[in-house]
Each structure stands twice: as structure tokens, then as C-alpha cells.
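We just call them A, B, C and D in the order they show up, numbering each chain from 1.
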Amino acid sequence: MSDALPIEATTPTPLLELRGISKEFPGVKALDDVSFAVYPGEVHMLLGENGAGKSSLMKVLCGAYHADAGEFYHNGEKVAISSTADAQKLGIAVIFQEFSLVPYLDIAQNIFLGREPKGRIPGTIDRRKILADARRVLGTIGFDIDPSTTVDKLGVAQQQMVEIAKAISQNARILVMDEPTAALSDRETELLFALIARLKADGVSIVYISHRMAEVFALGDRITVLRDGRRIDGVRPADVTPDQLVRMMVGRNVDMTYPRNFADKPGEILLEVKGLTASTGISDINIEVRRGEIVGLCGLVGSGRSEVARAIFGADPVTSGEIIFDGKAIAGEPDLATRRGIALIPESRKSEGLALLRSVSDNLVVSALRKLFPSGLFDQRGAQRTSDSLIRQLRIATPSARQTVGLLSGGNQQKVVIGKWLAAGSKLFIFDEPTRGIDIGAKSEIFALIDRLVAEGAAALMISSEQVEICHVCDRAYVMREGRIAGHLTRNELTEENIVRLGMHHA
Amino acid sequence: DGETIAVFTKNQTNPFFQTVRVGADNMAKTLNAKTLQYIPTKPDSIPEQLSQIEDVVVKKPSAIVFTPVDYKAMVPGVEKINEAKIPVVNITDRSAGGKFLSFVGADDYSLGLETARFLLKTLGGKGNIVIIEGVKGSLTNVDRVRGFNDALKESPGAKLLASQPGNYQRLQALQVMENLMQSNSQIDGVLAANDAMAVGAIEALDGANRKAQVIGINGTKEAIDAIKSGKLLASGDYNGFAQGCLGTMMAIRSLRNQPVIAEIVLKPTVITKDNYQPFDVPLEQRTCPTFEDAAKLSAK
Amino acid sequence: MREAAVISQPNPLQRIPGVAMVLVLLIALFSAIAPGFLSVANLSNVLVQSTILTMLALPMTLIIMTEGLDLSMGAVLTLTSLCVAIVSLATKSMLLGLGAGLLVGAAFGIANGWLVAILGIPPFVATLGTLGMAQGLSLIVSDGQSVVGIPHSVRDIYSATLLGVPVPIVMALVTYAAFHGLLYHTRFGTYIFALGGNREALRYAGLSPNRLLIAVYAIGGAMAGIAGLLMTARMNSGHPTAGLGLEFDAIAAVAVGGTSFERGNGWLLGTVLGVIAVGVLRNGLNLISLPSSVQVASVGVLVIVALFLDGLRSRA
Amino acid sequence: MTDITKDAIAPPRSFLSQDAIQLFYRLLAALLICAVLAVLSDSFLSLGNILNVLRQASLTFFIASGLTLVVLTAGLDLSVGANVALSACIAGTVIHKTGSPALGILTGLACGGIVGLLNGIMVTALRIPSFIATYGMLWVLNGLTYWYMAGETLHGFPAGFRQIGSGYLFGLPIPVYLLLVFLGIGTLFAQRTIWGQEIYAIGANPVAARLSGIPVARRLLLVYAVSGTMAGLASIIFLSRLNSAEADIGESLTLPAIAAVLIGGTSLFGGVGTVFGTFIGALILTLVLNGMNLLSVSANWQPLVTGIIVILAVWLDMKTRRRAQ
């Protein structure tokens, strides 16, 4: 399949071309002789599994990483990109996977960080101008917010929008977006797509990294696929099917309908939540989860799904209501819930899920210490054995169990978070956006894993913003709206339209 | 009657200043006056004592009995007191400036000299000697160590092995002594600039099963006990109790328009196992010297 | 958009930080029970006494905002104070003395910044090390003795007044204004927030976090130099232990003032209020002459209570 | 298109863990200092002096070992020195009043532990940053001690009690035995128990630790209480070694203890470090002091030299760590 590349014949010189880029980290060859070209006014999709090297390639492109080998050409001329400043001069702007915002500065200051309009006194900032400029930029992306709000008050989605505004404001010729929709709701995603269309019309090139197949086909003009740090192929969307793409990415076939045996006769009740109310903004939540079931929890961003998950797990204090697990009421801290067999895979793996500086092994056994070492005596070898088997089972791409977990790619980090609860032998798994930022191969692996868990008598409560996924894998689902359960959908009623209808704001 | 006397001391931790304060309280009570104690919360803190002076000047006590935490750096503070026209008596460390009604203190130099002489006499004028100094730069330490050294010069047979600071701290003195014993196989005498360090040195010697004659300065209860039990050879009497008494007495007398003595430098006494009895009395039971005694106590 | 509505302004009462509550309570308490507390002379006392600490605590706020710490400040102040004394004694010039103090202070500041930014040594460790060095140098240059006999021009700085306001207060006010302008109205100030909040963001914006960081520590050192002049003027001498431990007072004031040790969240005015709160407490206790041991403990209680109140507020 | 399986990335096996390598470097540094001192001073290499150094290091080590656990959780305990002072004074009084050393020892340990527990409560329940909470505690403890002692000195303890600090057993000072015992216990606790693992996890990311089911508040309470109790232990050693106690003994103990922890390679950001490293840190500090005494270097140079060593140690640590990765 790696033969014809018709598009390169029609547009003579690429705007930016990378040739033979290699980048090695201790123990990992992140990029291996990768070539990559961006043409004017195209949306170039960059695909690959977790850890394939997509983010690394973009960091090389924008000067944040130094390539070990390789050359850069801008409009056919050889250039050097050795710092972010060099890249900016060439008109490259990046929306990073990890946020690059400063929490206690306001939105305007963040957008124009390092490019502040000068005030009359040397060194000062023209406050009026910066706010006006920020308002204008926010307007172009349709984000209606006061630019003097400090960023620490913003939610993830809003931060993502600011991040986009920041990149847009640089009037870049090449805009790199690393999984920009991972944290966005549908409405914001629509805004972003409209914006991309407008930028494209203005001749801006966009490099777009995503794990969402639908986006690839909706937006992409051209696709480059990476695998294990190597460029596998470049294709046009029209020339491939999703299945072929997936095969290129993971080197095998993946069924994206995630087939599973739905529970005809669910087991006894495992979790029963009655009238749960918490100061975090949820009230009168009633939920029931039985053994052998995967129950979805859907709704718009901000509808309070995470809060329900946290309250059940004991992470947030509960004001009233009852949580009955396995026949007994529980009320207390997460350590109690853990001991009783509840697992929470939290929303933000970096800040809530992992000790980034510790090893993969340390992270994998942390919730299972009591189970693995009932005597209270810890044994490094035992921990290593357990984690090696989890690494194999979950196909976590890491040079060894001793690798620092923060150096893994996002998707593999997520697998580590899930892995630690497998080790703990939990009975109820609460997944909060388990597939956020996870590649298609891993996604199907994770769903297969969840299926196996519930088949063996566990149960799962799954929060996801991707309604397709909920529809594919859940036995039934609750829909939330403004902190309350707005409705319940059985397997037969579980369609995207129904979820949206129940979850929408009325009035 | 009913005058308030503000008493400034250097810290709350050194037993010596406790004897000063008890003496001052004792005298004030007998004379029907009352005291207010001002002590820096951080031991020997210069900025804090300066602030305390500024605060006290607002409060306007009848008179002040003053020990500077540093005899040079506190001069501006004394001048503030002078400006506020509050009568002030200097005790313990002689201030390098400012106007005082009277000075009551001991002569550190002759204390050092006399105690060291006593040690050298006991050793027969010869032997290996080490000095454990107090806090560098403090007036008491400078003069005491000068006294030690001058006494050593008088005995050519004695040899000074080392002079290391223990900062008036027991633990530091102990460790310094332990280390010095490693490099010096024979130590016959130890001159410590205060009792706590002397006792620390004794503990080090005991720990190594070695013997040496040790002297300290201050005449604290601990030192007296050690003298009684024969562990400590002698302690120079710095007589904080009398300093507190007399300083307060001079302040009150001047307020009552009675004559005062402009300078009382207490005679050095070397407390040994032959003369410790008068010092072996709990502070509370001691009585302040009278005005007549004061004249006699003064060296000059 | 729903999320925009979520950001409501918190109610103003909730915004009153712990330090302000504590300060108001202390002033009310001492006005009631300490005779002479409310007099102009006494209040001016409190403020003048707070100036040296203010000059350390303001730069300390900036340093803490970068998720740093400067433990060497007290020792550096001691050293610069000695430098001011020695140089002005030798040259009979206050300005040369100040120059020497500033130079030595800034040199230590740059050294701190270099250790932290370039060598990447954690600030606590780096400045603990330079604390030792500054303290050692102080002992060595003074041989443990006070330096006296310095010219009157130095001393006058502390006691003079400008339009009836004591010069130290004027200096502190000017310093505050300068820091306020610097932090909230300049690009450099913006970058200070970013140094603590998200250093990567600075790098991506094409700025050098290292150089900025060194500048912040250098400011700290230079301020220790100016404070050293005040200290020397106050004592009319230089002393090798004069400023030891002041760094902890400064850090406590910053913390009491509501600056958090994480992610570049700082509040300059709070720091000043924190310094004054500690000053008022000590002054008031001196006036009502409680036993010294109570004074010692009460400083600790103040720190704990202010932070506790702040915690309550942020949880509400 | 060849199928590249994940197994192609073979995990490299190193026979020594990162921590072990770091400890090795540190030990090397300590030996280097020893070698230099041995050349400069003939009295250094005597058995007596080595025991002497070990005994002096033990006091710093007791305080610093508990502190290490606190620092591992990304906290700090500035009150340890003040805690030693208060515990020593109270334990001393109890021995004087009751004549029972055992009772005194228990009181000292309990007093230290309670102070530690209070620190823990401030950090967990009141959520005050440990740096500030323990700084406040430092002043409260000083105030209490000053008030309690009122400038007095406690001295003169039963001979049996004094053995703990000054006695010998088979030619070795008893504090050295205690040092070895607590070094062993501390290392086992940190490396070989699940509590130790949980403490490391808390230091690395407290939020993630809590959401992983670790009872974070309880572990923190434990850690601060242990740190306090170790300060209590140090106070007993102090008492029996110096045969006396007064209010100001704590001041000079805190910074050396912190320095020992840092020189020992424990990171203030939490999650990295070992108790054994702290032991070597205490040893290095003591060696330097010992050397300066033996060589009769003026004490004026002491803070300067200590400062340089702290920076050098941590810098070298980071250097070797980076290379080793």
C-alpha cells in the first residue's frame, strides 16, 4: 500500500517538510527515520497507536524536542528548528496534549503570553489592548467568556478552548492540534470544526492528531500513519476504509463494534445508590448496578457524572443518601471503598491516577498492596511478577516494569491506571472517560477486558462522552442533566438520539 | 512606692539570666516596686531587643534595668531610652555607649584570670590545657578567654593544645571535647567559658574514661553540685543574683532620690569544694545584698 | 454557554483572607486591653519595626510564587549589613556602603538563582547551602565581632523623617509600590506567575525561564542588601548574627498572607498584612507585658490560626 | 509490511536499582572524606575516633530518620529540634520526680509522639502546609519549654539511665547499637512493608494515592507521629548522654537533621529517598565537624563548609541520577 501518493504530485512544494527524523529516549526509540510533509491549506491527520510517536513528532516540529537526526525544509529551503522561537518564526503554532496554561493568570494574559502588547512605560503591559485583543480572538472561535477570568477557575473544556484561542492568535500558517477534542463536548467540537474549515479556507495548514475515526474522515485531506516510531504510510481518506486504517495503525484487524454477550439475566444487585446528594452539585441520584452488567452514565460535559463517580467512591463528601455495595452500606474515604471492592478510574490520569515519577510497577501494585502482601511485608520481586503479567495482559508498551510511568505515552498511562485495579481484584469498576486519548487498538482491548471482567461476575459503571461507545458496550444507561438523573435507557432504547434528547437542556 | 522597673535580659534559656531576673524580682519586692521582664523570643536577638525597647518606651516604665544582647549593637536602643528620659541601669555586659545611672557587673577578665589561675595552681603550673570558648564576639567570651590566656602565660610549664568554640552549648562542648581527645592523648586541664560547657566536657571525659581538671564560670546550681561531687574543680562566680538585685536597687534608689553607686564591679570569687556552701542555697531562699554590702562587694 | 455561568464571583465576605481577619481581631483586642497601643507613636513604632521584614517578605513572595524558597535571606542580610558597616566605615560614605551591600546581596541572589535554575538544585537545598556560606562569610569578615563607629549618615536613615513620616516607612511604601507595579503591571510580573504556574508555557512562548528565575532570586538578594542598610542603620553597627532566622519570619509572613506554595498563586498585599500582623502581635504583647514564654508561643499560634482560617475559607 | 510486535521493546535489566546506585555513590563520598581526613590527621583512623564519629552521628540520625519519612511524603517537620528540647525537659523532670528511668523514657517518647501527632493533625485535618504548621509548632513548643523550665537546668540522672547514652557493650558505645537497630528498622519499614510503599506513593502524588485507596490521612498521621517519637528518642539519648537538659538544646539540632536528610538524597518533593541515605548524610556532616576539630580549623569556617557540602552533595546526586537513567 506504500506506493502511490497522488496528492504530492498535484501540489509541488510542501509548506513544511521533515525528512528522516529520529528521536530516541532512554530505552525507547520514539521516532525512527520519519518523513512528514505539510502542504498549504490542508488538514493532515496524524494517526497511530498510543506511543506511536505522534506527539513526539509534533514536538520536534515545533522545536520543543531536539531530533537526534533529520532535516527540515520550509517552502523547499532547508531550515533549522532548534527552539520554539524558530518554529514560531516559521508560523508554526501548537495546541499541546498537555495544557500549557498558567493557572493564576487571566485568559487574556495566557493567550498573549510572551507577546503582550507594550504599555506606555517600558516593561508594562497595555491592559486595555490585551483584553480587547483577547476578546476578539475568543470571538473568532465562538467562545463567550470574560477574558479577565483567571484560568484556574476554568474546567477542562474551557481550558482547551483557551488553548485553541492561544494558538489561533499567533496567526500561524501551520497549526498543530494534538487531540484537541479529547476534552471537548459536542457543541465545542462543532465550533472547532467550523473554525478549522475557516482556517483552511484562509490557506492555513492543520496537522490534526486524533484517535476518533469519525473525525479522521470528516476533516482529513490526507492521512499519515505512524507505528512504533516509524512512518507506515500516507493515504487519502477517500482511498481507505476505517478497517484498513486501523490495520495500518495496529498491524492487525480490530472490530470497532466491540461485540459482547449482553447480559440477558444480570446477577444480583452489586451497587445500589439511593437519593445520593453531595455538595459538589449532584442531587437525588438513584442508580442500580448488577453483577455482569455494564451500565452507562451519560450526559453533557458538566452534567455531574464525574461527581457521581467520586461520591460513590468516597472521594467527595456526601450530604445525604445511601450507597449500598454488596449488601452493606458504605460511607467513608476511598480506602474503604477500595477494600470493599470498588475501583475508580478517574478522569485525569496524570493528576489523579498516577504517581508520574514512580515506576510502572509501583503504580500497578499500589492499590493491591494489602491483597498481594497480606503479611504486610512488601517484596519487590513479587510486585515485579504481578506487574510483568499485567504489562503482558494489557499490552502496555514500556521498556520494563521499572520505567518511570510519566515517560509512557498517554494511552499506555491509562492502561496502567486500569491495571492497578485489576491487580486489586475489584468487583465494581467505575470508569470515568476510560478511553479518552486512547488508540483504537487499545480501546477495543479495554472493552474486551471490561467484557471479560463482567462476564466473571464483576460489574462496571462507565462514563463516556462518546455516545457511540456507550451504545455499543452498555447493557443500559442512565442519562444525567444538571446534577440529576434525567432518565434511564434500556438496551433497546440505547441510541445516540435518546441519549442526546434526555441529556439536553430544556428551556 | 509602686514603681515599675522594666528588666531586660538576653534570653529565656540560659540559667544565668534566670538568676538575674529572680534577683531583680526579689529586690523589687522588698522595696515595694514591681518588675516587668522583657526577653527576646529568639535568644539573643538584636532586632527583637531593639523592638522591645521601642515598645517599652511607649509604655514608659519608671526605670529600666538593662542587659544588652550585644554591647555594641544595642547602643542605638540605649540612646532611645535616654531620649525618652527613662532612667536606666546597665547590668552584666557593659554597653559601649549611652548614658546610665549605674553599671553593675562582674569583671569577666579577672573571672577568667582567677579561675584559670586556680586550675593551673592545682595542676602545679604545668600540663596540657584546652579552652572551650563561648559565642564568638560576645563580650563575656572575649574577656573570659583573654583572662584564660593571660593566666596561661603566667605558667610557662602549661601548654595550650587547642582553643575551640562550643558556643556556650553543652552538646557542642561535649562533641568538641570528644574530638579533641582523639587527637590529644593527654589532656590535663579544661578551661570552659561557662558551666554548661564545662559539664559537657566532663561528660565527654567520663565517656572516654579519662580524667582532667575542669573549670567553668557562672556558679550555677549544676556547677555547685558537680563541685560537691568532685567532678568539677571550680566555677568562677558571676553572681547574677546580686547583679539583678543591685541593678534594680540602684534604679529604685535613684527614683527615690537616694544616692546610687555609679559602678559596682563584683569581685571575682572562685567557687571550689572549700567554699561552695553559701552558693548551695536555692535561689528563692537567697537574700539580696543591702546597699551597704554593695559598696563592699564592689572591687573598686 | 453553561460553564460560563458557573464562574460566579464568590461572596465578598468569603474573600476576606484569614490574615485580614486576624489583623483586625488583633488590633481590636489590643486597642481594648493595651494602654497606649492606639497612640500615633506606638503605631508608627509597629510600622517602622515591620519595615525590614517587609523588605524581605515582598521578594520572598515572588520567590515562593515560582515554587521556590530563599532560606539564605536572613544570613545574606546579615552579611550585607556587615558589608554596609565595613565599607561605610572605611570610606565614610553611606552610598558606597549601600552599594557594597547591594552588590553582595545581588551576588548571592544570582548565585541562588544560578544554583536553582541552571544546576537545577531544589531551592530549599540551594539556599540552605548559601545560608551556610553567607553565615560563614559573616563570621569570617567580622571575626565574630560587632563592627562599630560607622558614619552618622548611615544611622540617620533609620531615624530621619520625610514630611513627618519615618524614612523606613517611606522606603517600605516605595518598595511595596515597586513590587506591586512589577508583579501586576509588567511583562516580567506576568512571567513570574508563569514560572510557578507552568514553566513549560514560558518555554513554548519562546522565553527563558532560567533567566527569569535568576532575576527573581537576584531581586531577593538585592532587597536583602537594602534591608541590610536599614539593619545597620538601626543598630548603628554591623553584627555577625543580626539577621539570622529572619528568613523564616519572612516565609511565615508570606504564608500567613495567603500566598500558597503551589502553582504561582501569590498575593503581595497579603504579605504586608502578614508582616504587620506579626508586628502588632509582638508589640501588643509587649505592651500588656505577658510572660515572654507566652509571647513565644503566640507567634506560633498566630501562624497556625491564620493558615487554618484561610483553609476554612478555601473549603467553603 | 512486517508485523512489529510490542515485545520487540525488550525490557533492559539492570542488576542494581536506582536507589542502590545512589547509596553507593554516597558511601563513596563518605569514604573519600574519610580518606582525606586520614591523610591530614593521624588521629582520625583510630578505632576510638571512628566510634566517636558514629556516636556523634547517632543523635542527628535519630532525629533525621523520622524526618526522612516526613520528607518522603513531601512534607517537612521544622519542629523536631524544639520537640527534642521539650521532650528532654519533661522526661528529665519525670525521672527526677519519680526516680524511675523507665517512666521517664516512656514519657519522653510519648511527649515526642504526641507533638508529632499534633503536627499530623494540623497537616491532615486542618490542611495547613507542613512547613508552616510545624514552624508554628516550633514556636509553641519553645514557648512551652521556656515556661516550663523558667531558665533552669535539669541535671544529675541515675547511673543506670546514663548507660543508654554513655555506656559501652562489648567495646561499642550503646548509642551505636541503637543507631544500627533503628537504621535496620527504618530501612525495613520504608522498603519492605506495605506501609512504606504507601508512604512513597503518597509523596509522589497524594491525590492519586488517595484515589488508589491508600488511607492518606492515617498514613500521614503515622509518619508525623513516628517523626515525633524519634525526636522523643533523641531527647532520651541527649538526656542520658549529657546528664542534663535545658530549654535551648533544640535550636542547633533542626538544621543539621534537615541537612542530613537532604545530603542523604531524599527529595523534598517527596517519593524519593532512603533511610540509609540519611544515615550517610548524618555521617558526612559529623565527619566534617570531626575533621575540622581534629585539624583545629576555626569554627568560623564551619557554616561555610557545611553549606558547600550540602549543595555539592545534592548536585552530585542529581548528576549521577540523570546519568543513571
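One rule holds in what follows: contacts are C-beta pairs under 8 Å (C-beta built on N, C-alpha and C of every residue); 3 or more make two chains touch, one makes a residue touch a chain.
Note that the structure is predicted; figures quoted are calculated from it, not measured.
Asks: Starting at chain B, figure out the least number of steps needed to reach chain D through touching chains.
Replies: Minimum number of steps from chain B to chain D: 1.
Asks: Which chain maximises the distance between its CA centroid and that of chain C?
Replies: Using the mean of the C-alpha atoms as each chain's centre, the farthest one from chain C is A.
Asks: Cα centroid separation between chain A and chain C, in whole Å?
Replies: Spacing between the chain centres: roughly 43 Å.
Asks: Return the distance between the CA-based centres of chain B and chain C, expressed in whole Å.
Replies: A distance of 35 Å separates the two centres.
Asks: Using the average of all C-alpha atoms in each chain as its centre, how far is it in Å between chain C and chain D?
Replies: Each chain's C-alpha centroid was found; their separation is 30 Å.
Asks: Scan chain B for residues touching two or more other chains and write them down.
Replies: In chain B, the residues touching two or more other chains are 12, 41, 136.
Asks: Among the residues of chain A, which are close enough to touch at least two other chains?
Replies: Not one residue in chain A touches at least two other chains.
Asks: By the touch rule stated above, which residues of chain C touch at least two different other chains?
Replies: Residues 139, 143-144, 291-293, 295-296, 299 of chain C each touch two or more of the other chains.
Asks: Chain pairs in touch?
Replies: Those chain pairs satisfying the definition are A-C, A-D, B-C, B-D, C-D.
Asks: Can you list the residues on chain C that touch chain A in the complex?
Replies: Listed in rising order, the residues of chain C that touch chain A are 1-4, 6-7, 181, 185-188, 190, 193-194, 196-198, 200-207, 263-266.
Asks: Show me the residue ranges of chain A that touch chain C in the complex, using the header's touch definition.
Replies: 62, 64, 83-85, 88, 94, 96, 98-105, 109-110, 113-116, 119, 123-125, 127, 143-146, 149, 152-155, 157-158, 187, 300-302, 505
Asks: Using the touch definition from the top, list the residues of chain C that touch chain D in their complex.
Replies: Counting only chain C, the residues touching chain D are 115, 119-122, 124-126, 128-133, 135-137, 139-140, 143-144, 248, 251-252, 255-256, 260-261, 291-304, 307-308, 311, 315.
Asks: Show me the residue ranges of chain B that touch chain D in the complex, using the header's touch definition.
Replies: These residues of chain B touch chain D: 11-15, 17-19, 21, 41, 43, 136, 162, 164-165, 167, 169-172, 174-176, 178-180, 182-183, 196, 199-200, 203, 206-208, 220-222, 225.
Asks: Across the complex, what residues on chain D touch chain B?
Replies: Spelled out, the residues of chain D in touch with chain B are 41, 43-44, 46, 48-49, 52, 55-56, 59, 139, 142-143, 146, 149-153, 155-156, 166, 173, 238, 241-244, 246-249, 251-252, 289-290, 293-294, 296, 299-300.
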